[in-house]
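Chains: A, B, C, D and E, in written order; residue numbering restarts at 1 for each.
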Amino acid sequence: MNWETALPLLIVLSSLIPGLIIFFLAEKQVVARITLNMAAALIKLALVGVMLWGVFHGHHYEIRLPFLPGLDLVLRADPLSMLFVTLSASLWLATTVYAIGYLEDSPNRSRFFGFFSLCVTATVGLALAGNLLTFVLFYELLTLTTYPLVVHRGTEVARLAGRKYLIYTVGGGALLLLATVWLYTLAGTLEFTARGFLSGLDAVHYPALIIIFVLLIAGLGVKAALIPFHGWLPQAMVAPAPVSALLHAVAVVKAGAFGIVRVVYDVFGIEFAASLGVTLPLAILASATIIYGSLRALFQDDLKRRLAFSTVSQVSYIVLGVAVAGPIATIGGLVHLVHQGVQKITLFFCAGILAETLGIHKISEMNGVGRRMPWTMAAFTIGAFGMIGAPPLAGFISKWYLGLGALDAGQNWVIFILAASSLLNAAYFLPILYRAWFKAPPASWPDERSFGKRETAWALLAPAVITAALTLGLGLLASMPYSPLEWVRFITEQEYAP
Amino acid sequence: MTGDIVGIPWIVVLIVLPLTGGMACFLFPTISKSLGLIFALAIFTAVVGLGWQLVEQGAQRYAIGGWGASLGIDLYADGLSLLMLVTAALVGLGVSVYSGAYFSREKAKHFWPLWLLLWAALNALFLSADIFNLYVTLELLGLAAVALIALADGADALNSAMRYLLVSLLGSLFYLLGVALLYHSFGSLDIAILAQRMEPTPAVWSAVGLMSAGLLLKTALFPMHFWLPAAHACAPAPVSALLSALVVKASFYILLRLWLEVFALTDTSLGQLLGLLGATAVLWGGIQALRQTRLKLLIAYSTVAQLGYLFLAFPLGTNIAWKGACYMLLSHAIAKAAMFMAAGNILRFCGHDRIADLDRIAQRLPLTLTAFALAGVSIMGLPPSGGFIGKWLLLEASMSAGQWWWAVILILGGLLAAAYFFRVIGYAFTRAGLTHEVGVVPARMEWAALVLALAAILLGFISPAALELMGIGTPFGGERAG
Amino acid sequence: MSGVFLYALLGVGLFVLGLYALIIHAHLLRKILAINVMGTGVFLVLVALAAGNPDAPPDPVPHAMVITGIVVAVSATALALILMLKVSVATGKNHLSDSTRD
Amino acid sequence: MLHWAFDSLLGLSLLWLAWRALTSPDLFKAIVLFISFGLLMSLAWVRLGAPDVALAEAAIGAGLTGALLLAALARLESIGEAGRQKGSIGETGAHDR
Amino acid sequence: MTDNRKTGKALRLLLVSLLCAIAAWLGYAVLGLSLSHVGLGQLVGANLEASGVSHPVTAVLLNFRGYDTLLEMGVLLVALLGVWSLGGMPDYDESSPGPVLDILSRLLIPMLMLVAGYLLWVGAHAPGGAFQAGSVLGAAGVLMMLAGWRLDSRFAGLLLRVVMVSGLGVFVMVSTAMLLIGNGFLEFSPPMAGELILLIEAVATMSIGATLAALFLGSRPAVGPDK
């Protein structure tokens, strides 16, 4: 159990054990709970940093636990998993601070933070999964641990939203399980290998492999909110803000997209998938989701529902990047995984702050909110412009690479999709900004809580501002050695045959 | 040290211990509770001892009275019987701890002797290699189970106990007629000897039909499941846990043992019929469970569905399929026992078990709810639970055997299980004030349910070792073609 | 020789007759009677075939099995009768009320 | 030849007794018929060369089971009466079906 | 009204035809059995003298397949436990026994005791044995209860329970004792096999008689302070 094998397990345990302990903490033990939460988040970030540095210098981290005769649970740190682990760990820290501030004195916080830590455990486990079996295990765990958070408020609306969430995710999980077993019986192994392990199979299995691909994409598409499986996402917005921020913008949705990336690259292999002819329909489905998501977002008056539909369309950029079979498009898709995460979490933080301090839920109530809360709206504006793809921000870079990749791969129609969706993004974000900055504020806010001279609690404001700054930073300093863009270039070198 | 551990004839100890325990609890009712717990622990260690012995020396055959196979009765212990004994020991220990706090003094006097004699019948049944001896153990099991159901005083408990008794007697008589035909065809009652002399004559075909019908009636496979829901729902909570986890599985064990060795017809059309009945049981049980308004009835119908899974292995007949079915059996037993205990806690706490009004448990019975949730994870077959391993192995077997329709049934069954499970969990999270005074639930009862549920989850991680243990003495035959 | 088969067939006849009565009658006492007749039928099959070859004495093993069977039958009948009485006291009816019949 | 006749006569009467016992309308008569069926059965066991079984059948099968059945019938009727006194919609009488 | 009787009749007809088909098939199967070689008769005969009793059925019942009988004593005990756990039963109306029953029972009961003793003893070398003797004893008990006799409450506590359990208890104790002296479980070494079997049978007879009588009574006898 030397350091090379212990590290991945430690990263997973660093949020599992505190989570289990938090369950047993009484409601009023606030200090203990906060310290435990923060300690867990910081330790995990530190460990991820060490592993990031190690992987960059070629160390090999892997741990195998016997799970089934002939199949093990594998936690392995390869460059692709490091991308998602770093994203999850850093954003979990920010969201923990935010959640502590947000749920100041609401009931059952121990239960909330317990399941919150279990969710991150599942996400990190899913990211570090070394074979499809481990991935499926953590994928199902993610469903089980997010359900109590969706129904946390305990209202009838929350229960119905939870029910719909389950119908989609458990159904998706079942399809994924069926496809995984079928794949195992055909291929004999489920290990993620650089250029996929299916190219060796003889041609008689090709129709079966296509059906398996469809099942896998359907199973993963539920969480990646591809149409027609996206229905649960807008309804899950009934959950408290930290949940919709971390889970429905980062953890759950990205898990689905990350799964599709794994399947296309490390199970089928991009060339083999292209030869099977399954990448084009996937690209079309992703494009349709992008357009559909943006269109639906236009007509939502509730702020969080508009952001939810925006997430539905934004995640499909990643899938589009993967489906367009070309190295540059892959870079665009993968880097968008990080950028979209950071930008969307900023927007959800701001939405939470508005709801918490001013009681604003509808966009129509946001007149002149910029004057009342300048810092929050500044962060919201940076996030919004990032989404639209304005130059200095992170969003621009991923759209830039997606466009270049499409041209390089000869898929010119993708350019029109990107252009159209950017226009639609502008169409549903700019009115919010215009209303917030240029309209006169109403006489009184629906449910205002004053925080002395500061505009809101620092625990809520700080995370939002930090992630906004991160969006700016990722955009400007894209070509720095440790930036996500360089890291993604490091990944794609391995995915494509030299 | 290991010399004498392996030397003790654990097979005999496993039968004598519960018998003496039952008698002791009957003789001294005032201290029957502590006696019962002591004997439960002793039996658990005896099972561990036998397991150790099997690992060291492989399958054990013990000739009672020293007479040998055809004349006397043999006891036989291999991987399959060890699995069943471990299931009985785990669930038994959990139920013993739970019943310590569940029964009033008056009822406990009757519960402990009957429960330990039922345990003796189970152990004797899992270890016997003689088909008439199996008939006697089946009767002992049936009568003890009926008496335990009737412990819950109430019109429908007595009613379902009566119906169960008649069904049990009918099943036993069918089985006995099959035994008579087999004995007079081959002149022996020992399973191993019958397996050698077996040839397909009309008498053997009717014996197969009769014994299978009798055992299927007692296992409550689909068309013959009518008696199970009422019996399991109206019985006291620990008794329903015993019935669903162990008693129903005993007749399945006999059918499996006969099918594997004596009948060896796994790949004929009869296997397909059983698979079909199993599939309908999975779907029918799931749909009925969805329609129930009372929690214990929902769990009882879930048992009908889960039993259907076990029969999916018959048409497949490969080694993986049998191991998958047996693993499903083990994890279902433990998870279902935990679920019934949780339902018992809820019933004692709220005074009713109407699902729609369970919406106050999450905050007031957190341990019970966690136990119910973890057990549910295993029943649904979601990772990381024992149920998942069983489901994975069965899926793998049906896929590699090319009969993919069983895989679809497994997936649909899982979805139905998720549907009726989350319907209950959904209500437990909604927030509503208390409208009546509540019964106190002793901590011991909540912890017993939670520990069993955790065991069901833990089963998900120890499957390589467990599957290897199950393979001692190759009960399922080598890697025969599917 | 033919006597043996005559009794064996009689055993089968009693078994099936008992099964018919068990299914037809709703009154619990009659069902218990039917179970007993079926039991006797099975025992008859067991012992009749034991007297197989006329020259040697009949095979004692089925006799032991039947004696055990008879004692098991009487204990089951005793329990069934008392349970029937309890059901009759509790539900006021002498037959099974199918509360959850499906 | 005589054996064959005796056996077939015994078999037929056993079958007839069983059938009458199971389908006679009056419960008391059914039990009495069942007891006589048990006694005749012990005769059959003797014919089949199984004296032990004959003894057991006579003592337990006919004797004790008969006694249990009659006691149960008597109690059933006393429950029926008690039920009717309380005005509950008990069975009209044990002698039905 | 008529239609469901009609369907009732149709269903009954279907049932009868189905059962006749089953009977025919079973009859055909039974007739197909060739009974020439089969059966354990010779094997039992060969090992008879090692079993300690000369009557084959008793040898099979108590030595060769003694384990069946042990479990079967368990069945009797469970039946009794079940009946007692079902709680009170309207007690058998012990209206004072008529003079005929009284005199008859005074004559018959000692007779029955004697017959039971004889049956027990003769079981070693002729048809008889524990179960037959036990049931005769049970019949004697039933007769006593019919004549209005009830067990004195002083003996209705632990002592009664010991008698009930003694049948199974002694059998198990003797069989495990064999283990301690080096034999296998339930393996009676020939010189003392006869005596051991007689001991087991005697206690079993007492226990079976008491159990059958208690099953007839139906409820636990009025017990003094629960010892």
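The definition used in the following text is that a residue touches a chain if its C-beta (ideal position, glycine included) is under 8 Å from a C-beta of that chain, and two chains touch if they have at least 3 such contacts.
Here the structure is a predicted model, which means the values were calculated and not measured.
Annotation of chain A and chain D: not jointly contacted by any chain, touch as defined at the top. With steps allowed only between chains in touch, the distance from chain C over to chain E comes to 1. With centres computed from CA atoms alone, B is the chain lying nearest the middle of all the protein shown.
Looking at B-C alongside D-E, one finds more C-beta pairs in contact between the chains of B-C.
At the far end from chain A, in terms of centres built from Cα atoms, lies D.
In terms of their C-alpha centroids, the spacing between chain B and chain C amounts to 27 Å.
Centroid to centroid, with C-alpha atoms defining each point, chain D and chain E lie 19 Å apart. Chain A and chain B, compared by their mean Cα positions, are separated by 43 Å. Chain geometry summary: the mean Cα position of chain C and that of chain D are 12 Å apart.
Among the residues of chain C, those in touch with two or more other chains are 4, 13, 15, 19-20, 45, 49-50, 52, 57-58, 61, 63, 65, 67-68, 70-72, 74-76, 78-79, 82-86. Residues of chain A in contact with two or more other chains: none. Residues of chain B found to touch two or more other chains are 132, 136, 139, 143, 146-147, 150, 177, 181, 184.
If each chain is drawn as a node and touching chains are joined, the picture fits none of the line, ring, star or complete shapes. Pairs of chains meeting the touch criterion are A-B, B-C, B-E, C-D, C-E, D-E. Those residues of chain B that touch chain E in the shared complex are 9, 12, 16, 19-20, 22-23, 26-27, 29-30, 62-67, 70-73, 110, 113-114, 117, 120-121, 124, 132-133, 136-137, 139-140, 143-144, 146-147, 150-151, 153, 177, 181, 184-188, 201-203, 205-206.
Those residues of chain C that touch chain D in the complex are listed here as 2-4, 6-7, 10, 13-14, 17-18, 20-21, 25-27, 29-30, 32-34, 36-37, 40, 43-44, 47-48, 50-51, 57-58, 63, 66-67, 70-71, 73-74, 77-78, 81-82, 84-85, 88-89, 92-94.
Those residues of chain C that touch chain E in the shared complex are 4-5, 8-9, 12-13, 15-16, 19-20, 23-24, 45, 49-50, 52-53, 56-61, 63-65, 67-68, 70-72, 74-76, 78-79, 82-83, 85-86. Across the complex, chain D is touched by residues 57-58, 89-90, 92-93, 119, 127-129, 131-132, 135-136, 138-139, 142, 212, 215-216, 218 of chain E. Every residue of chain B that touches chain C in the complex is listed here, in rising order: 132, 136, 139, 142-143, 146-147, 150, 154-156, 158-163, 165-166, 169-170, 173, 176-177, 180-181, 183-184, 189, 226, 229-230, 233, 288, 297.
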